[in-house]
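Got a structure for you, questions after.
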């Protein structure tokens, strides 16, 4: 396909562009068609190397980008019918480059870590096949210059997510978790699809740049159609990014291997919704209501998930809810129009959340697949590197002032909210920050401090090797202020947020935010570490009720179970015998009955036959008599 | 025709025909059934004669001759079969010949 | 009227009659099955040829008989089916213990009756033809009277047919009383001028009498019993020649005399048609005796054909012709297979479906014949039956007889059930209770050739129906007054 | 003349197969394979040779035509003609024919000759349907193909659960199609007589009848006659009753043909006849048709979830997919119609693939009950991977042909009927539900035993790989397909669109 692909004259970096997704694709194909012939080492090497090379390609692209600016490349026209001409065509701009960097860069380290994590597992080839396929799809998602190609990637990552969540297929529950993830995100996808339909029908194009250009000409701000389109896109983003109320899948998605959680359910795929909204910002700019709702959803999610994270016992589930909560921040940022801030937080979040997950993965493997906080504890001596990872990542998550990457991005979000005059969102963000500090401390203290509460924890084995250490170290580095130095080249792509960093209010808000974070940490230390007051609170009266409620994440699963799953099952059960077909079966039965009835006339007796005959004649004559009477 | 209207003759024939029909429907004995058939055919013959006379035409009687012939042939074949029936079942009850049904 | 023309027209009838007499004399002299068959086949063949030649002289009217298109077509069909029956009978009676020769005599007499019937234009000739057609059938049906079913069939047919004849006669008498006419055209004409109650009652009774012969509901009950019990060739003759002749007669009645479709009679016919097509098919639904099944299916088929009589206009004559032409070979083929399977062993006819289980794996070509026959009766494309059904539906659509069209569709949907059941039985592998089989060299025999020929004809007419349509068109175009 | 060969080759091939049985099974199969390959090659050759771009100036819309008088009494011709749409479907028939022969290589061991006779005759009949441009001839082939299909199901099928026999299924299939076919015959004749009434001449020619002027009421009823016949075959709820049984009880090759081609004849019929012959009536009927399509999408999806038999399962999913086809056809925009073409091809591939896999599972497990499976992933070598791919195709994953088809349909319909699209999109979620549910219940979960089952052999692997490649090809580069059918679809679109955009109130 590549030969007749490049029609335009291409600057040097552009030729590299397809490599970013071709390399993972080649990896996928090699692994998929090996038919079990590759050794563990070979599989891991192929799987990791393809992403590594893609990351190098991205680095090259980034250098080229600095020099040459945005690139555009059409490989071939996908479908051409009348106006409908989506191409397999890529666009590289600051936003996609940022995403590309996160995907391939963080992705590479996670792949590398997985080589350590997955040791001893069957089907490593399958694992890397899916992982490479995921990176391939994700790259297409961010590089696609039209919505349909974006959608291709969008669905592709969903499929890979499904496959990887259900990676340990022998437990049905894992498969069903993947199922749930896929179906719920698919609900969001339908909204996205409808949004595409609407935009195409009204604007006659699917090309994102053209849409952003045409939309202001076609619509006034606040026009119903554009609001609708924005809401539909938002629906898509909510599904993918696990925002209220389509968030329930993410916690269950932790059934997959931990590197998967790190890559897909923390760093990249779940943030695709944020990317989508940032990408389609032109539409949202025209739709103030939708934009506002975006922020509100973000705020609600971050609160809901923050509380839920407080009451989890599984370390991965804590991280999952914290992911929802952090994406809630990003949505909040989007909702106040600070797209670049959202992307910035997306990036730093990718670093520190990947770090947290990988550290958690290290803990889990070291402790023989124990991931319940109640049975861990006292690990900080035995597992220094994961402990350090948790400390750095936790600091970033809780936005420890000045030294953590998270501080810079989250602070920026709060500032933008204030600048946009959205007090409600600001307060939600501050409360969320407090919650974040609390659950982070609870996680770290519960896992690493105190005494070991099970044999698995007592006999923890320290992880070794480059594949184990390097990713943790690098990501830890990026999670500190070092990561915050990276400035995504977004200025040309996204409009500036409402806030201006030089404003006077900024520094006072910074102080407030820092105080909240530190106060939360102190409270956390007090609650979980020193006094263990938490346990008393959680075991008694209303505390127990709240614990229960938060542990089940406000009971959304139950609500969906009763409003969707059960009615659907009931419908299936009711229709099982094929109602409509039943009508025809009834007809067939009627025919058979008639047959039986008529067969009785066929008695074999001559007299009976004669009587019938005479009756027939009599009827004919009777009808004659009636006719004659009538005339 | 003198006096007797055609309708009366036809009604008579119809009554005869109906009698034959009754025998056909309700008798079990094959001999009686055959006789009933004869009655019916002759009723038809009578009707032909009545009609022929009514129209002052000879065709009615010609038809009657044909009917007679038919009746005779019918009877002969019928009797032959009757004998076979008796031969086989030792009865003249027609209801035995009801093996085939359904 | 020039004599030679008349002679040409009468020649088939004369030939059939002469053959019958020759046979009678021959049998008296010496019983020789093969010779008897040879003579009757030859006679029938000549008659058939003469019948085809006679087409040149149409239309030709005599006081009693009218040689017109339908008569010619009917004659050809009657003679062809009689010929086939004779050949089939040869195979059938191969293993028969009693005297076999008289059967052909009866057959020829009956055929002569058929020839008269199709050409009759006078109540007397109608009556004569009909009785000449029916009377030998009593004998033919009860021919294997040692077989209890055959006897039973004969008795049933005798009694009920005689009753029907009585109805017919009484109806005729009433019509005659009303109009003073015996010639059909004159009779009809005077009915048009004014029909009293007697006349209408007479027409109703005649309809009942003729309806019996066509086994129209509610005069149909005898059909399956008689088909089942009668010896194969007799049943075949009954299903083909006899019904064709009666139908042609009715066709000519309604076509030549619009008065026959006075509103009331028209409505009665309409009801009978709908009832026949539905009841016939419903009755056949789970039938497991092939001969009975064919009986029921013939009820339904003549129910469809009543549509022609109901419409009696436009395409009607042509449709009637085409349908008959397609119906006859398919029925012949189906009965032929039954006869061939029955003939090899003595005793009861092989009617039960389970004898035919897995026939395909033993006798593939014979099965192909049966399959083709069934498909044709079901009206599936590439068989003649489809063309017939096509014509019928076309006629119904043209005449806006929507309910009857719906009846045909519903009927054929039901009919598929049992036709397909028969077909699939032929192909199933599991052994039946016990098998009956055609003799291995069946295809090399005359009867086999007839059956194969019928099947080939069915396919040919299905694929290239133009000649058949031309024939039916021509026949429908020439109707004598 | 080449068109006649397209029809004759399968029929002759079938007879040869029948006779070749005495030479042994292998010879029979090779003959059948050669026949279908020959068919496929001819179709491919035609595709390379002919230009489907636009109707030649002043010429007909057909790329090739063959016409001889047949039944002159009614102006019936033996008239075959080929345009892009027909060619695509014929090529599809050839391809699936090859697959059908291949997939019965092991499965069918008894009466091989007669089996292949029926198989090839079905395909011959189908090709006839795709080529016939005379309504009588069309109907002729339409009904003709039922007979061998009937045999295929009745003689080589499997008995289903709950006492549903293969013969019952076959008869049901036959009766449904035949009865509705007769309704179509009535409609055809109604049209012919209407034409006769206008001009005094009988004709069954497609081109001639297309010009017939009809009163709106009559046109509506006649259109309905056509629609019902096609709706049964497509199938449209509530006329679908035959499909699950027929699919479940047919042998694999039968299911492949049934899902892959026979259902497509219905869509083809709508595209070729129902719409162009009665554009106004179809336009008026479109809301109903789309509603029926929606019902099909939901009903099929819901019922699929309740099935225990994998083949019944796939059968119900076919109903759901055909709902999209129906919506696309009656949307009538060029994009939707082109989408329908792609979707037909896509569904043929994916459903055929799933049926083949079901057959292969049956060969290994001797059951088609889902609850007797589970945890098969690790036991079957590379088969589950392919299964997964086909499931992904069936739920409309991008890069697969199904996605392109479904989304083109939806894109094309949105302008006409946004609410229909909105509801149909919910069907996409349900598609995910049932597809993944199948995956989950068959391949995931604890394995029933540890013994590995036989993996795919080369024949099976090549078959499936071919399907996968084609699905991907159409999914990523459907343009050759679209270019081929473009002229035909534009034609239909023009007719349909002439009835102006605001939907007239339907009766």
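Structural remarks
So that you can tell them apart, the chains are marked A, B, C and D in the order they are listed, and the count of residues begins at 1 in each.
Note that in this section a residue touches a chain if its C-beta (ideal position, glycine included) is under 8 Å from a C-beta of that chain, and two chains touch if they have at least 3 such contacts.
What you see is a predicted model; the values in this text were computed from it and never measured.
With A-C and A-B as the two chain pairs, more C-beta contacts join A-C.
A centroid comparison over C-alpha atoms places A as the chain most distant from subunit C. Centroid to centroid, with C-alpha atoms defining each point, subunit A and subunit C lie 77 Å apart. Annotation: 94 Å between the Cα-based centres of subunit A and subunit B.
Note: centroid distance subunit C to subunit D, computed from Cα atoms, is 42 Å.
The centroid of the Cα atoms in subunit B and the matching centroid in subunit C are 26 Å apart.
Counting only residues that touch two or more partner chains, subunit C has 155-156, 159, 163, 224-225.
In subunit B, the residues that touch at least two other chains are 21, 24, 33, 94, 97-102. Contacts with at least two other chains are made by residues 599, 602, 604, 606, 610 of subunit A. The chain pairs satisfying the stated touch condition come to A-B, A-C, A-D, B-C, C-D.
Subunit C meets subunit B in the complex at residues 123-124, 127-128, 131, 135, 138-139, 142, 145, 148-149, 151-156, 158-159, 162-163, 165-166, 169-170, 172-174, 176-177, 180, 182, 198, 224-225, 228-229, 287, 292. In the complex of the two chains, the subunit A residues touching subunit C come out as 591-592, 594-595, 598-599, 601-602, 604, 606, 608-610, 612-613, 615-617, 619-621, 623-624, 627-628.
By the touch rule above, subunit D contacts subunit C in their complex via residues 70-74, 110-111, 114, 136, 139-141, 143-144, 146-147, 150-151, 154-155, 167, 170-171, 174-175, 178-179, 182-183, 185-186, 189-190, 192-193. Subunit A contributes residues 1, 32, 35-36, 76-82, 84, 88, 122-123, 148, 151-152, 155-156, 159, 162-163, 166, 169-172, 174-176, 178-179, 182-183, 186-187, 189-190, 193-194, 196-198, 200-201, 568, 571-573, 575-576, 578, 580-581, 583-585 to its touches with subunit D in the complex.
Considering their complex, residues 360-361, 375, 380-382, 386, 389-390, 393-394, 396-398, 405, 408-410, 412-413, 416-417, 420-421, 424, 427-429, 464-466, 469-470, 473 of subunit C touch subunit D.
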